[in-house]
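One structure is given here, and the rest of the page talks about it.
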Amino acid sequence: MDWWEGVLANLASPPIVFFALGVLSVLLRTDLRLPEPVYTALATYLLMAIGFKGGVALAESGWSQVWRPGLAAVLLGCCIPLWCYPVLRRLVRLSPVDAAAVAAHYGSVSAVTFVAAVNYLNELRVPYEPHASAFLAVMESPAIVVGVLLGRLTQPQAAAEGGLPWRQVLHEALLGRSVFLLLGALAAGAICGARGEEATRGFFVAPFQGVLTLFLFEMGMVAARRLGELRRVGLRLIAFGLVMPMVHGAVGVVAGHFAGLSPGGAFLMGVLAASASYIAAPAAMRLSLPQANPTLYLTAVLAVTFPFNVTLGLPLYYQLARWWLGGLP
Amino acid sequence: MKTHPMKLVTVVCEALARVPLLQLLKSHGVHGYTLFPVEGTGARGERPADIEEFANIQVEVIVPAAVADALVEKLHRDFLPQFAAIVYVTAVEVLRPEKF
Amino acid sequence: MDWWEGVLANLASPPIVFFALGVLSVLLRTDLRLPEPVYTALATYLLMAIGFKGGVALAESGWSQVWRPGLAAVLLGCCIPLWCYPVLRRLVRLSPVDAAAVAAHYGSVSAVTFVAAVNYLNELRVPYEPHASAFLAVMESPAIVVGVLLGRLTQPQAAAEGGLPWRQVLHEALLGRSVFLLLGALAAGAICGARGEEATRGFFVAPFQGVLTLFLFEMGMVAARRLGELRRVGLRLIAFGLVMPMVHGAVGVVAGHFAGLSPGGAFLMGVLAASASYIAAPAAMRLSLPQANPTLYLTAVLAVTFPFNVTLGLPLYYQLARWWLGGLP
Amino acid sequence: MKTHPMKLVTVVCEALARVPLLQLLKSHGVHGYTLFPVEGTGARGERPADIEEFANIQVEVIVPAAVADALVEKLHRDFLPQFAAIVYVTAVEVLRPEKF
Amino acid sequence: MKTHPMKLVTVVCEALARVPLLQLLKSHGVHGYTLFPVEGTGARGERPADIEEFANIQVEVIVPAAVADALVEKLHRDFLPQFAAIVYVTAVEVLRPEKF
Amino acid sequence: MDWWEGVLANLASPPIVFFALGVLSVLLRTDLRLPEPVYTALATYLLMAIGFKGGVALAESGWSQVWRPGLAAVLLGCCIPLWCYPVLRRLVRLSPVDAAAVAAHYGSVSAVTFVAAVNYLNELRVPYEPHASAFLAVMESPAIVVGVLLGRLTQPQAAAEGGLPWRQVLHEALLGRSVFLLLGALAAGAICGARGEEATRGFFVAPFQGVLTLFLFEMGMVAARRLGELRRVGLRLIAFGLVMPMVHGAVGVVAGHFAGLSPGGAFLMGVLAASASYIAAPAAMRLSLPQANPTLYLTAVLAVTFPFNVTLGLPLYYQLARWWLGGLP
């Protein structure tokens, strides 16, 4: 399957088609709206399901296979903001604190992008490490901490002038709702094991792809509602939001490979690196670097990078893994 | 029925400011509050109620006039510079003034 | 199976029993309440599921089989308000603008009634055109446009005195939330095809009847909350809400047959003709003919016609199809 | 802390009137609003919050007194005849008057 | 535009008091009300909005001053002793006073 | 399987692990929150599902097998408050009206505890009377009526000073939302029969355990939010909330056995007796005995008894049934 076939296969999968439909419904002003509790319920379900399944796998595969790619994920999360920051300062010309905040978002990860990538592999029947959601879980926080550090180092008065004390920054980064839910569900899966998975299969497995479809429909609306802000963020940031994911995707695939992952797992590591956080990071930045402009990071992440990743990005990172690592259909 | 004048201080702000705001209120000896999930638009863009974190909340507290002054002062100094928010004060008449 | 057996089979099916339970819970003032986000989520699910499955079927059956019954559906939708209007003016004695608004509701369709009818056929294992939800999709808007036209023609100052300009009326009729969602899901099904259906079967197919049951439970409460308004609408409108669906059901069955549908498909066309809209039409009328009294149309549709159709109407229209067209169990 | 007098204009109306109402506000140069999903009962029957379209919303805008007058006038003329709604005005005191 | 002074009576109370409160209002000839689902904290503990029955509601009614007095009296006597609630009154200006 | 094994098996089942995770998320202040409509939707689903399945079984087993254990359930519900009241007065030292209110809660039942118990049996593949949810349904109200009676008899002025008139007390007790929903779903199951169950299996059966898991996750948060009130209720009431369930569990197992139930069914009767209501009873007490302090009963029930029952209680009552009645794995 070449890139274009991969794109088409992805674009014709139910989650992506409904994502486009969600975007369209906002552009056509159809008044469709899914209430916030539905968003929260679906997001909770997806994190629980993916974490739980990963935890069951984790208990079976054992720690010995996990620590190397896990460490790679943490390191990637720490390093990405370090090179994003100068790019954002010099090429995108953001202020120090805005650059730090945006850098944190691109070092952190998007669980939904990851779920869509897993779905993509399942569709193609490509094997991957089933405990990969552990990498998702550990990759969410480090970049947030590094980003806050960058922001406060470069603007020392910022820390004084408001923003949480460090203890609370760490709390926010390490115990944000998605990090906690993922880590908790991983632990739950490890505790309950295959028997627990068997018992909840009718809820966590059978309807999973359909729920993802409904959720991406809602995400399409959420993303499209931010499209109007695009003119406020400038072309340079938009370009950043398209180019950096490709760079990170490539880096992530390579890192995953050298950390010992299968081609499918390396692809997922690439997706994690390429993805940008739109829940955990914005919440943490808002409280820890309140001087940063939320329109910049929210729009870049939600209206540019997320749509790019789930539509064109996934097949692209897949092709990279296929060309470089082989062994993929 | 005798009622007693009090001040109703209203804060409309981004939902992410929930914890800092409630802490600030508590540290000012506010005895109670009422919180509404809301949607809104203002100088800092639209806040549709699609993702809880990015929506707005409205918090209302009833306090004696003196407390209201101090609270508004504090909000002006420490809260408004950091968060997308507005603050306003309304004169109200309450029953059982000892509660507030 | 004769009519009475058909009624009993329908009345003993889970969706209808729970519909009755919902009605009862309001009559007994039990304080049961399903919050609005649950309503929205369930309604969205049902429309997505039925549209998606219809779209998959549409892609397989091809346009050649669809255009004739599709055209029949559009024509029915346009014509029903034309004969309802004089009936409502002379026999029910409504004002011109109220008559136009009510007429629009009975020309348009109720997706939930349609879904209950599909369910009824599935229970009886009667075959029908699987792309029939396309007729549902195209039959929602025409009557709304005709109704607004009627209302504005008969009361020319109405258009001036408020009410949306025509561009917005069309937007409301053609891009109301349910029309958009149905058409969008149809397109999504056509794009994703059998493979997409396979992937989402655990969500869109397996739990469908149960979700419908829960939704009809809520609809029972919604309908019953409007029962109190019955005394405000008058006996004549109540009679209209019971008799016209039977007339339209008969007309629809015949029209479906002559448009080339199987007996099962003709039954569904009868149900569509008999059903009356309670979401798209009220929303459009409220904005386009604001002078019309919403109590009249909402009560007639929700508290009279909808309950009649899902309980006694379905078996009745089924018998009509069985007597006239044969070939049904 | 110096506060500044403003008017809070409140509209409670059927949820279907959302788009026309927000358009009307925008066309009057209102800089922000806050919107609450509510339930209600009035002259035009009960509006239980079971179906979003048939429920109520409450929209609040803070504006200078002069704008409030014009807005209320406009609502009276163009909005109230068509929709199930009530409108009322409250005197409030705001911080940062330049925002409104 | 001429507006007319009225009283806005606000009750914040536990959601379980919904039915008794609405009955009490009705029995005082109140013509309409608006109801908000809210969260709150007060003397009688936190009322997080996690289970509907244990959350709070806020009910607002606009009435003429005389009715407001009688209503507040009645609430003070029969409602406040039994339920976790606060009551306050705000002066508002309405359009179409005949509605209230 | 001995008690400790039973405890471990229960503690490692997905619903209980996620319950613990919910508690933890509140203790760690993670800001996780499931909105109220999600709670209502899940609770409605669970009651509908369990009632419906029970009703189908009821129609098959016939009344002759049901009336004896049903009567036992009602009697237990009536008697438990009678002996709890003096204990609460003398040993826990509550005021008369508080004692009456708390007694009502422990005589009434918790549907979620019952569902977790059924789940426990299913996991162990232990047979039980499938119509057991009928006992749940009839055991909810009697204790509420007895509790109000106790409160009003011991404090005659209370009835005068507020609180609903008796007609409304009965309405509240007999037509509270959970009682109505359970009884209604039982009737629905009896009407629809096996065919209706077949049709809705993909919704009411397949995802059931997973939904229970998500619900217990939310219940963990709900319970934990009340932990802070523990210091307000006193050690004596906490001890009551731990000891009385064990007494009632033992009594219930014996009662169930003598009423002719299988060991599995007797265990369920024990669980019902041991469980305490946290929805129906608080709502009824608040309106019927408003002088009672809600912090006392809500905290005892939600923060003490419910967590105890679902974690350690279930395996304990199971062991009682196993030792005394035999025939259990």
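A, B, C, D, E and F are the chain letters, set down in written order, and residue numbers restart from 1 in every chain.
Just so we're on the same page, a contact is a pair of C-beta atoms (placed from the backbone, for glycine too) under 8 Å apart; a residue touches a chain by one contact, two chains touch by 3 or more.
Remember, predicted model here, so these are calculated numbers, not experimental data.
Between chain D and chain F, the least number of touching-chain steps is 2.
Seen from the Cα centre of chain D, the chain whose own Cα centre is farthest off is F.
For chain A, the chain whose average C-alpha position is most distant is E.
Centre-to-centre separation between chain C and chain D, using Cα means, comes to 34 Å. Look at where the CA atoms of chain A average out and do the same for chain C: the two points lie 41 Å apart. Spacing of chain A relative to chain E, judged by their CA centroids, is 46 angstrom.
Residue positions of chain C touching 2 or more other chains, listed in rising order: 31, 33-37, 40-41, 206-207.
Under the contact definition stated at the top, the residues of chain E that touch 2 or more other chains are 36, 52, 90-91. Partner chain E is touched in their complex by these residues of chain D: 10, 12, 36, 38-43, 56, 58, 69, 72-73, 75-76, 80, 86-91.
Against chain B, in their complex, chain D makes its touches with residues 1, 3, 6, 8, 31-37, 62, 90-96, 99.
Within the complex formed with chain C, the residues of chain D that make contact are 14, 16-17, 19-20, 37, 44-46, 48-55, 78, 81-83. Touching chain B in their complex are the following residues of chain A: 33-36, 39-40, 161-164, 218, 221-222, 225, 229, 279, 282-283, 286-287, 290-291, 294-295, 298. Chain C meets chain F in the complex at residues 12-14, 17-18, 21, 24-25, 28-38, 41, 123, 205-211, 213-214, 217.
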